[in-house]
Structure formats: structure tokens, C-alpha cells
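Before I ask anything, here is the structure I am working with.
Read from first to last, the chains carry the letters A, B, C, D, E and F; within each, the first residue is number 1.
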Amino acid sequence: MEYNPVYLDIVWTLLAAFLVFLMQAGFAMLEAGATRAKNAANIIMKNVMDVSIGSLVFWLVGFGFMFGANPSGWIGTDNFMVSGADPSTEDGLVTFSFFIFQTVFAATAATIISGAVSERTKFGAYLLYTVAITGFIYPIFGSWVWGGGWLAELGFIDFAGSTVVHSVGAWAALAGAIIVGPRIGKFGRDGKPRAIPGHSITLMALGVFILWFGWFGFNAGSTVSGNTGAIATIAVTTNLAAAAGAVGAMGLSYFLWKRFDASMTLNGVIGGLVGITAGTASVGPGSAVIIGGIGGVVVVGAVIFIERILKVDDPIGAIAAHGFAGAWGTFAVGLFAQGAYGTSSDMGAVNGLLFGGGVEQLGYQAVGVIACFAFVFPTSFVIFKIIDMVMGMRASDEDQIRGLDISEHEAAGYPDFAPSVGAAFSGTTPEGGGPPTEPSTAPAGGSS
Amino acid sequence: MKQITAVIRPQRMAPVRDALLRAGVHGMTLSEVTGFGRQGGSVEEYQGVQYKVDYVSKMRIEVVVTDSIVEEAVAAIKAAAQSGAIGDGKIWVTPVEEVHRIRTGERDDDALT
Amino acid sequence: MKQITAVIRPQRMAPVRDALLRAGVHGMTLSEVTGFGRQGGSVEEYQGVQYKVDYVSKMRIEVVVTDSIVEEAVAAIKAAAQSGAIGDGKIWVTPVEEVHRIRTGERDDDALT
Amino acid sequence: MKQITAVIRPQRMAPVRDALLRAGVHGMTLSEVTGFGRQGGSVEEYQGVQYKVDYVSKMRIEVVVTDSIVEEAVAAIKAAAQSGAIGDGKIWVTPVEEVHRIRTGERDDDALT
Amino acid sequence: MEYNPVYLDIVWTLLAAFLVFLMQAGFAMLEAGATRAKNAANIIMKNVMDVSIGSLVFWLVGFGFMFGANPSGWIGTDNFMVSGADPSTEDGLVTFSFFIFQTVFAATAATIISGAVSERTKFGAYLLYTVAITGFIYPIFGSWVWGGGWLAELGFIDFAGSTVVHSVGAWAALAGAIIVGPRIGKFGRDGKPRAIPGHSITLMALGVFILWFGWFGFNAGSTVSGNTGAIATIAVTTNLAAAAGAVGAMGLSYFLWKRFDASMTLNGVIGGLVGITAGTASVGPGSAVIIGGIGGVVVVGAVIFIERILKVDDPIGAIAAHGFAGAWGTFAVGLFAQGAYGTSSDMGAVNGLLFGGGVEQLGYQAVGVIACFAFVFPTSFVIFKIIDMVMGMRASDEDQIRGLDISEHEAAGYPDFAPSVGAAFSGTTPEGGGPPTEPSTAPAGGSS
Amino acid sequence: MEYNPVYLDIVWTLLAAFLVFLMQAGFAMLEAGATRAKNAANIIMKNVMDVSIGSLVFWLVGFGFMFGANPSGWIGTDNFMVSGADPSTEDGLVTFSFFIFQTVFAATAATIISGAVSERTKFGAYLLYTVAITGFIYPIFGSWVWGGGWLAELGFIDFAGSTVVHSVGAWAALAGAIIVGPRIGKFGRDGKPRAIPGHSITLMALGVFILWFGWFGFNAGSTVSGNTGAIATIAVTTNLAAAAGAVGAMGLSYFLWKRFDASMTLNGVIGGLVGITAGTASVGPGSAVIIGGIGGVVVVGAVIFIERILKVDDPIGAIAAHGFAGAWGTFAVGLFAQGAYGTSSDMGAVNGLLFGGGVEQLGYQAVGVIACFAFVFPTSFVIFKIIDMVMGMRASDEDQIRGLDISEHEAAGYPDFAPSVGAAFSGTTPEGGGPPTEPSTAPAGGSS
């Protein structure tokens, strides 16, 4: 048999795609663990169906819009249903491997949303939006960057999708979370947020570990080639950034609240990973530590900002981790890129501001970040609004209190375990006078 | 002294607690229970087989009070727990002969302040 | 006969059980409950938002005893459950009219031996 | 009115419930409890260390009934819960002074129909 | 170093084998989640031990029966304990890589059974049957198809084992489920099935995601070669079929019961995957969507059929998903095969009925499906019957009510969580008069 | 493109590293499942942070100490922060791939400890020791064997780290467990151990399956080359040993206690895997079965020995599985090595005692095993002692009773589920007279 490098490319791309696929399990476990037991079946179903519907819709139309011939630079126009791939040619088979890799990426963008709108969004409405993002929003923005469109032309660098995948998902999630509104009981009469803890820290951690694992495929697989040593530096920077994200988030939360906050730390891992995704192939290990560490810090800050300033309810912190850390990571390429790394990975000999480059690249990165928000947020807002008007996005208060598992799926997630008394208090509105917690002990204490 | 036992809807727990505190109660003990009654329970579905869960999740409140506030406490629970739909629950009152506060050894009404 | 109901700290469960057995009780029924009272509950933290869990986990003991050992049993619980800190719990005693042992059909005091 | 409290084996729950309904009871409240008594509990094993779980899982039934059916209800529980082996459980009856149905405000016997 | 394509083959085969191995975790989580908390340790132990015993037995005898020299076309006769593989030769090492891949396949066939007979089968009896299937049943049938036996000669196509692995497991499971009988409380006096819900929807979903992930290795690894672009089309068809299976099953259950049934949807994914397994290397993406979608529909229909018509108790729907969807998928090759795909994957330029081929292939497929049932079901029935007579397969009613965790392993699966009251009702027999649920509310309602 | 074998090496090494990374999820789930619900968040945090801090520290200093130029044979002296790897050269990229593989190995050694000291060790103290092991202890010992140091010179064989990784972690864990002392309630007044069961058998099993999966990467990846067929025999021996470990441990526990002990069986899998790790590339399948089977037996014996004779509290049996089985497996190389296997994997044509070799190799193996204990245990003992004196290692009795989740992280792991009554009894000290269990039923029984 004659040597053909293409086989190693296909093997690598497929294995990476499989790892990225497993991130669906990671998201499902993280989101389920971070929300309440009474909504477990619902969040699970949303995760199963977004990858299912997303796979079908991306095949039908998304792939074509994203990677079809793109004369305008704004949208692809052919190759729908991968029709251009001929299984009898080598090129066709490579296209198939590229297609499966892109499919699982599209599903990732979709699934980010499920967490942010969880515990109060109707199932049907969620599925409709999944069609929109995997069929249109994500592919169209993607075509600008990865489909050879105008942002690619400009010089915008987003190697594996800090912006293309994660921010797209997060800004869509932000629009969704605003329109569906906060969960009942999330904000008190005083407008202050109440904590609504998730039901399983072990599932959350499992999810994060699986995501970290899958992210190696996400980043290193984005070479779509095994015939390059750059995948080694990508793996190294990915891992260091994730580790630093955990340390950054834990450190900041310890500084703020004097405790080792578990869910913040787990979110910090995600922040580190999202942060490095854009520049993973352009920066060195030291820079990766800084990018990831700041990514973790950004997540903590953004969770607080979103909850207390924006007053948006994002039960799992997805907008903070994927949107804010994604934006940070995309900018960071303009700061930390080093020609030696970019060269080995074919991302170009770009140097960031801190490594002797100019501000130019930083400018391109800013354009990309802004373009993403400017396109995705308003479009998604309108789509969610229409879905809301047509069929209603928000589950009724009563359904939220009983839990979506019963109201939407007529089956409890954990029928064999007794619910705690605390579960009955978690996230119910104060119906008596005043905020629900303080007075209950004050009089008792006062009269003693 | 009397013990008031109330079985209510879980989602009414927060307002009932607040109402009891306003009625002068200083403590109470809660447990998750399962109720049978007129309320039908939900019909759930598992792999295509419907099954009737004819028990429903309820919250049980146990509160020991001094005789003078029994009426007020019962009224407070009733008001805060009532939705008007089947399944609102029951309240019953039973006699209590002694009460002790473990921490101090105080007895009876003193143990309840 | 009387029913003694005690609400205590979970970590005192083991010594209280032993004390009751020494006091001549031959059986008891336990349940996990949630208490409100003077004890403040813990302040927990979730993603940077503090929230007050103003309910605390308690253990509830229900024991039916013959009249003659009520005092001893109450004293036994008190001694074994007391830590002196707020939240030690309450004990209360209520009248019981009949007791049956299901297995044998024995009644009242016979059912309790 | 009386409150009947029964502590039975979980696997007898279904027949006991049916027997009570046939005896004219229209509602009841159940909880999972843990019993100590003559019944030894199971010996479990964990990594080679045996440990005695000397508490056993039981179901507690609380039912408030009008005086006239107390006897019948007790008998119904006894019959349906009896297996003859140690651990069948206990039934006891305590006085109830008032009962309220929250939904309608009905009182006492009316609240129990 | 000189170029040798064999190394990429070995790397690919091994990595695929690892993914298939992980399916054991998937099955364990799916089966545990779909059954009750009181049997969790038992189902876990069955899953751990079937892969353990299966690995040993398949090494001892199974591999030889399946892939040894097969002059008769009905059974292999040498290479027991992989004795033919010499580690100092390249061929020997390739055989070792082939052997590990086949080992995890055998373990898959074995583990399918554990779910179908769960919650009432004694541990020892289950282990005995594991020896039978991994040592004899599976290898013998496998030798007919993959060991160069008579079905292979005939032209029967089952690329990755819709029939060879999944149906073999499922028909054995059917025999086992019949002999062990339904769980106590599964069928009422009226013969109507009662639902006995599983204890954790999150574990079920985790299991299904892991299975989906592992299936990429299952199907694409079945090339046992990395030097072929066909693995790309296999990955694509596998993913699309799984996605369509979810949609098909959810769609049908919504149509039937007006609710988004979580466990049916998860089973639909399995149905889609099992369905595509036979033809994954012979069909295109569009056909994969149809095969998978129908696979999902078949699962829902078969669950109902097995439960209501056959009156067989299969707690997790394994017979439906692996047996019925497997049969469907095997037939479907005769309908949907396209020469272009089969050629690239070395499955031959076969065209199915819908793509210009004749009914011939459909006939071969039917022979294979029937041969599988005709061999596996009766043989397994007899073996289970003997096991039952010798040592008793069925746990006593009392043990079933207490749960097998206590009766067989003397340890509770979840000692720190309080069981729900509902758990005490789940799957107990009506001992009072009449069916257990209706009268309980009827009189109360009637007298009010 | 010209053929370059290096790319397949990098692809293989990276994918293996990813699998090894996932073992972190395996350890986290196993440890969380094997401990109590009230400490779930704490054990999770320890697992997340040891891989995070370990990754950073190993990058900063550990890698240099382990693989830097090692003139003395006792410690590496350069290449800190992988500074020697130039991303523009092929060699540099290979070094990066080697570095990520070694990073996840270091994290594995670190995480072994978390289980053994779980449920009573303060979080900060644990993190400090993580720095010590990943920065110093593990790299220094590692440099003797894998960094070309004196044990390598001697001829000591430890292919993938039965001793280098697992025993290092286990002997450090032993020191930690001794210094932190047993959990409150673990030993009665009579000195007899009490069982404190873990809270989730399903998480334990999930963890073990994930570890088994990751171990394929651990062992087969240790070739750091894909261009060798030896990875096939490694995968085969790894799988057979794990399977035999399960059978061995289950068999012995059935013999001892007449029950199929679930947690022992799961630990047996680990014992089989740890056992084969040293010799996986030097022995054949049959030997692997024996090594793994004895590994499983060793775990059961060692758990009993550690608990009843040493009176050390190791909640998950980590010292038994990683230390004792690791020592056994390392010795076993001297017994079972076969030249044919070692040759194909470049481990040398060594024959063990049972295959015609002398006792020489057995002697080298003994030296390595002893050197490991002699270096790691005292060093770790001193470090833990210092940490204990400076900041206190042991959580107060009250914190242990409430659970570390509340005391260290101020968040419950499972807020939606009611705790069982049994959880309140589990591992509390007898405060009344006599041992806590017997008298409670004796009087009741006696007086009846």
C-alpha cells in the first residue's frame, strides 16, 4: 500500500469528533447537576434532543450555509445534505470526516443554551430554537470565520471557536434567558437574587471532567489533520488553561467569600477552556496559564454581573463561562499570540501585542467579538420573541413549582428517593410579607 | 398545650411558615410525607405504560403551642395553605401533657417561648 | 400509656437510643425531620450568592411507653441529647389510648414489652 | 375523633391502604420511618467489615378517623399488615380534639368524609 | 523508518476497541438508571462481571470458536487462547489487536441480557449464562458471519453486528426473560402491565450518551483498518441514525400519548444505533436518517408489543431495542445499500432494492435474521432452563421486595438517602382485593 | 507529503494522554461514590484541584526534575516549564506531546491520595501536599526509573508505573492516612473497625469503568509511539488482568464471607489493573490473567490487613489497590516476563523466573519496590507532619459529623434529597456505654 497522509487526517478528525460528541454528555450532566431534581428529566431531554435535532438540521441546511461556496463572504450556498461529497473519492471521504466534526461543533453551540434557560422553558419552544441555531444562526456566523467569509478575510483568528461556537451559544442564551425571564423565586421582591442550588455536585463534576476531556478533541481536532505536531502544543495549552481556570475561579471566590466554592471552581474550568479555545494554536504554555487563569476570574465576575447587575437568571452560569470568557479568550489572541506557535499550526506567524506584535491583531479580534454579539444577540432575541408569541416559552408558575419533569414528561426523575424539605422551599416565591428568610428567625430570636 | 398537625401542599410551605411565625409560634418541625385522599394524584407514564400515582407529595407540620394561641395558629395555617382546590390538606389538634426544652430543661409553656 | 415525641440533633441519635434502651424501652420509631426554631440554620453559598438555610436537619423519635417509665424515658432523652447549645430540641408527651402489636394481637402494655 | 398511628412493613403498605379504604377511611398520610425493636435489622457487609444495621425500614401511617370506625380501622390494619414474623409493627390510638379541612374550612367529622 | 500501514490499522482498531469497551459503562448506567434503587448494586455487579467473565471466557474458547479455522462453515476449531498469535511477528500483533476488538464485542452481546432479566434474576445464574453466551452462543453464530462461515458465503451483510451482536444478545435476553418470569408486581391480576419506573433519569441519559459515543468505535472500528476513508461515512451514518432514532421514538410516543417520553426517547437513540449497525458502511446519510428514524419507531412499537402482547417483562426495553431494531436494520441493508458506499468500505458494490438492486440481498438478509433467531432463541432457552432447574434463576418474592442488593450483596446501593414512599409501592403485588390503584381513589371520590 | 512516522506517534500519545486524563473523572466518581453524601462536594473539589494544581506544578518544576538532564541519576536539572521544547522543530513538538502525557500521569499519582485521606482531611492541607507530590516526590522517584536514573540503569522494569505512579501515590497516601488519623467512628472503643459504607454504588461502578477505559491509554500509551504493534498485546494484557482482578477479588470475598461483595469486586478491578501495569509490555495473555487475578486477591487481603492489623483508615481501599497490588505487579515482572513480548515492545528480551530467566530480574524488581517505599513513605510522612503542624490536617469531629461539604464549602452536595436515618448513625462515635450496635437489640431481644 502506498503512503497516503489523508488516512491519518481522517482518523484524527474522527476521533476528535467522537470526543467532542461526548461533550454532550458533559453538558447534560453539568446542567442536570446544577439544576433541581424536579427538572432533571427535562434538562436531560433537552440535551438529548438538541444534539439529535441539531445533527439532522445541520446536515439538512447548516453545513451548506456554513461551508458551501461562499462568494459573498456572508453565507454558504451549496453542499446542503453534504451533497457534494462523493463516497467514491478520497476528497469526498475527507469531506465526510470534516462534516461529522462540524456537526458535533454545531451541537455544542446549541446545547450551551439549554442550561441558561433551564428550569422554566417549555420543551417545544426550546426545540424550535435549536432548529434556528443549528440551521441558521451558528452556520451563518460560522461562514464568516471558518467558511472563508469576511472575518476570515480580515484576519480574525478564532482557532477552535471561543467566539464561533461558545460566544454564539452564549449570546443566544442571553437572549433566551431575558425573554423567558427568571425562574420563579430567583429574585426576591427586593430584586436581590436568591441562590437555587443544583441537586448533585457529583454530576456537575462528572460533567466538567467529561467536558475537559472532550475539549482536547475540540481544540486539537480543529486542525482536522493528524499530520501536524501542532496538536501537541494545543493539547498542552488546553490543559494548562483549564487548570489555571480552576485556580483562578477558586482563588477569586475564596478572596470574595472566604470559602472554596465548588460550583464556581467547576465553572472556572469551563472558563479556562473557553478562554484558550481561540488561541490554543497560537500561544505558548505560559500564556495559556495566564489566559486560562483570567478566564476563571472572568467567569466569577461575570456570574455576579449577570445576576446582580443585569438581573438575568442563568442557572448554570453558561453565559458567563461561554460568552464572557469566550470574548476574553478571543481578545487574548491579540495579546499573547506567538509566531512560532502559529506557524507550526498553520495559523500564521502572528505576534500579539505582548510578543512584539502591534495592536492590529487586537483590532481584528475586537471586530470579531463585536460582530458576533451584534449578529447573534438581536437575531436570537427576535427569534425567541416570535417563538414566545406563537407558543409561549415560559412554563407556568405552578409547573415550575411542581417541576417540569411532571408537567412536560409526566415522569419523575428520581422516583425512589424522598425529596428533602429544603427542596420544597427552593425557589418558591415569598407569598407572605417580606423576604422569606430573615423574618422567620428574627422573631423567634427576638422573643426568646 | 396542644399539638397542631397540618398536612399541606409543599408549595405552600413558605407562606404557612411565615404565617405561623406571625401568629406567635417560635418553632416547628416539618417532614415530607405522602398523602392519600380525594386528590387524585398524577398519572405518569413510563415507556408507554400509564400508571397512576395515587399518592401525592405533602408537607407535614408539627407544632406544639400553648393553649391560648391554638385558634390563631390553626387559622393562620388555614389561611396560608388554602388554594381551594382538592388536596389542600387537613389540620388536627391533639392534647399535649408535657413539653420539655432539652437545652435548658425548661418545662411546658416555658419550653415554648 | 404515653407517646413521647422528641426532636433532637441527628448526631445525638446514637446515645439517645442507647439511653432509651437502658431506660427500659424496647422499641422506637425514628424519622428525619426538618426543624425551625431559635437555631439559626447555616448560611450556605452558591455561585457567590449567600443563602440562609433557616431550617436545620433534626431527628424525630417517637416512642410509646407504659405510664410508669415516662419520667425515666424523658429524663434519659434529655440527658443524652443535651449539648447546651441552641437547637438541642424539644420533647413532648401525649396520651395514648390503645396500643396493639400487629404480630401477636397483644394489646396495650403487653404490646410494649 | 382519634388518630391511629401504625408502623408497618413497607411491603404491606399496598394491602393496608386497600383495607383502610374498605374500612371507610377516605384519606391518610404516610411517611417512611426507621424502626428499632425486637426485629434484628440486617447484617450488611462493606469491604469485608460486617456491620449490623439494627434499624429497619418501616412505613408509618397516620389516619384521623371518626370515633365510630376506630375499631374497624385498627382491625383492618392488623389483618392486612400481619405476617406473624417479628417486626410486623405497632398500632396506637390517640385522642384528637379538632380536625379541619383546609380547602373548605369544614370541621371535625365533616372534615373527614 | 519505513512506511508500514499496519500501524495505523492497529492504532485505529485499538482506539475503537477502547470506545467499545466504554459501552460497558454505558450499559451499566442505562440499566441501573432504568431499574430501581434497591437493585442498583446487583445490576452494577452483573455488568462488571459479564465483561470480566466474558473477557476471560472469550479468550479461553470463544475467540477460537468464532475465528479459528472454520472448514465446516459452522464453527471455528483452533486459535483458542489466541495461541496462534506470535508477538514477534507483525501478523501476530495484528491478531492481538483484532482479538481485543472482538473481546469487547463479545462482552457487548453478553451485557445486553443483564438489563432484560434485571431486578429478579439471581446473580450466580446470570454469571453461568454469561459463560454460555461469550463462550459458545455468540462465537458460534459469529463464526457463520464474521468467521467466514456459511452466512458469509451466502452474501449476508452485517457490517458491525445489528444481528451478530445485538440480536444475538436480545434473543438470548428474550429466552431469559421468559424463563425467569416477570418481576413481582409487573403484571396485575388482570394481566395488564404496571409501570415500574427506574430510579435515575440522569444515569439513564448518561448511559445513552456513553453508548452513542462508544458506538462510533463499534461501527467505524469494524473496518479494523484506519487506512480507509470509509470510516468517515460510517461515523456520519451512525450519528444521523442515532439522532433520527431519538426523533422517531419521541415523535411516536408524542403521537400516542401526547407527551415527550424521556425513557422512550433514550431507547429510540439505541434503536437508531442498533438499526444502522448492519448497514452503516453500505448506506448514505439520507438512508441512515430513514433507517434510524424507523429504528426509533420500531423500538416504541416493540416495547408495547413485548409488554402487552407477549407479556414478557423487559425492564429496560433491551429486547425491543437490540432485537427488533436489529432485525429491522439488518433487513434495511437489502433496501438501502448503495454500491458507492459499500465499495469504499470493502463491503462490496451491493445495491439495495430502493437503489436499483434486486430482492436478492433482501433475501440474504432475511436468512441471516431468521438464522439468528432460530439458533439463539431455542439454544438459550434450553440453557436458561437447565440453569433454572439446577440452581434456580428467580429471586424469591421477598428478596425482590427487599431488593437484590440486600439479598445478594448484603449492601444497600444508596445508604445515605431516604427511600421515597413511592418506592415501597413500586412493583409490589396487590395482596388485597382488586387492582391496587383504582379503588383507592374511587371510593374516596365516590363518597365525597 | 513525505512520510514521517512521528505524526502517528504524536497522535497516539495525545489520544492516550486524553484517556489517562479521563481517569481523573474515574477517580472522582469512585472516591465520591465510596464515601458519604455529606462529603461529596469536598472529595469532588479535591479531585478537581489536584489535577489543576498538579498540572501547573508539574509544568513549573516537576517535569524538569523528572525528565531534565540527569547527570547524577537521582534528579533532573533542566527543562523546567518545558523550556527546552521549541514549537518550530519536530523534536520540540514531540516533547510537547510527551509532556502532556507525563502531566496526566503526575496528576494520577496525586489523586490516589485524595481517596485514602478522604472525609476528614482539610482542603487547604490536601492542596499543599498535592504541590509536594507533583512537584517533587513523584518527579524525583520518577527520574530514577523513567528519567534515565539509577534504577533504570540497574535494569528495573516498570513499564507504565505500577510502582512509579501507583505505589508512589499509595505510600504517600499511607503516610497521610496515618497522620490525619481515622475518621471519627471508624474504630470502636474495642479497636474494631466499623464499616462506613459509601453513598452511591452506581458512581463507584462508573468510576471503575472509566478507570478501566482510561487504563488502556495509561498502559498502551506508555510506548509513546503508535508505530509499534506492541500496543496490541498491551491492550490485551491490560484487559485480561482487569477481568481477572474482578474475578479474584469477588472469588476471595465470596470464599471469606459467602457473599458477592460489590465494592471489593470493584476494587479488584483496580488491583488487576495496577498489577499488570508494570509488566503489561513484557508478559503474555495467560500471565496477565494470573497477575491480575492475584492482584485482585491481594487487594482483598490488603484491605483487611490495613484495616485490622495496621488500624489505618483508608475509606476507598486506595493503599491496598495501588500500593500492595502495585508492589505485587512489579515483582511479577520478574516471574512472568517473556522475551518475545518484551522485544516487540522494546522493553528488552527479559525472561522471568517462570520462563527460563534467572532470579536476577526479580532482584532488580525488589530493589525498585523497596526503593519506592523507602523514599516515598518517610518523605511524605515528614511533609504531612509539617503540614499538620503548620495548619492542621484533620477536620474537627464536629465538622466530620456535619460533613466537610458544609464546613469547607458551605454547600450541600445533594440539597434536594432527604438524608436517611442511617446516614445519621454512620460513622459517629459511641457516646453511650459500650459498642453502639450490639446492646441496642440485645436487651430488647432478651426481655421479650
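To be clear about the criterion, contacts are C-beta pairs under 8 Å (C-beta built on N, C-alpha and C of every residue); 3 or more make two chains touch, one makes a residue touch a chain.
Given the structure is predicted, the values throughout are model-derived calculations rather than measurements.
**Q** Validating interface symmetry: for the copies chain B and chain C, is the fraction of residue numbers used by both over half? Same or different.
**A** Different: fewer than half of the residue numbers at the chain B-chain C interface appear in both copies.
**Q** Among C-F, D-E or A-C, whose interface repeats B-E's (more than half the contact pairs identical)?
**A** More than half of its contact pairs match B-E, so it is A-C.
**Q** Suppose each chain is reduced to the average of its Cα coordinates; what separation in Å results between chain C and chain E?
**A** 50
**Q** How many angstrom lie between the CA centroids of chain A and chain B, rounded to a whole number?
**A** Computed from C-alpha means, the inter-chain centre distance equals 43 Å.
**Q** In whole angstrom, how far does the Cα centroid of chain B sit from the Cα centroid of chain D?
**A** Using C-alpha averages as centres, the distance is 18 Å.
**Q** For chain B, jot down the residues that touch at least 2 other chains.
**A** 17, 26-27, 30-34, 36-38, 44-46, 55, 94-95
**Q** Give the residues of chain E that touch two or more other chains, as numbers and ranges in rising order.
**A** 3, 8, 11, 15, 197-198, 200, 206, 259, 261, 263, 409-412, 414, 417-422, 425, 440, 444, 448
**Q** Determine which chains touch and list them pairwise.
**A** Pairwise, the chains that meet the contact rule are A-B, A-C, A-E, A-F, B-C, B-D, B-E, C-D, C-F, D-E, D-F, E-F.
**Q** What part of chain C is in contact with chain D in the complex they form?
**A** 1, 3, 17, 26-31, 62, 64, 94-103, 105, 111
**Q** Help me check something: in the complex, which residues belonging to chain A touch chain C?
**A** Of all residues in chain A, those touching chain C are 193-198, 253, 256-257, 259, 261, 263-264, 267, 300, 303-304, 307, 317, 420-422, 425, 437-438, 440-441, 444-445, 448.
**Q** Which residues of chain C touch chain F in the complex?
**A** Residues 10-15, 17-19, 21-22, 26-27, 30-32, 42-46, 57, 59, 80, 113.
**Q** Considering the complex alone, what residue numbers of chain E touch chain F?
**A** 1, 3-4, 6-8, 10-11, 13-15, 17-18, 21-22, 24-25, 28-29, 32-33, 40-41, 44-45, 47-49, 51-56, 59, 81-82, 86-88, 90, 92-94, 96-97, 99-100, 103-104, 123, 200, 203, 206, 405, 408-419
**Q** Mind listing the chain E positions that touch chain A in their complex?
**A** 3, 5, 8, 11-12, 15, 19, 36-38, 197-202, 204-206, 208-210, 212-213, 216-217, 220, 226-233, 235-236, 239-240, 242-244, 246-247, 250, 259-263, 265-266, 269, 284-286, 289, 340-341, 343-344, 414, 417-423, 426
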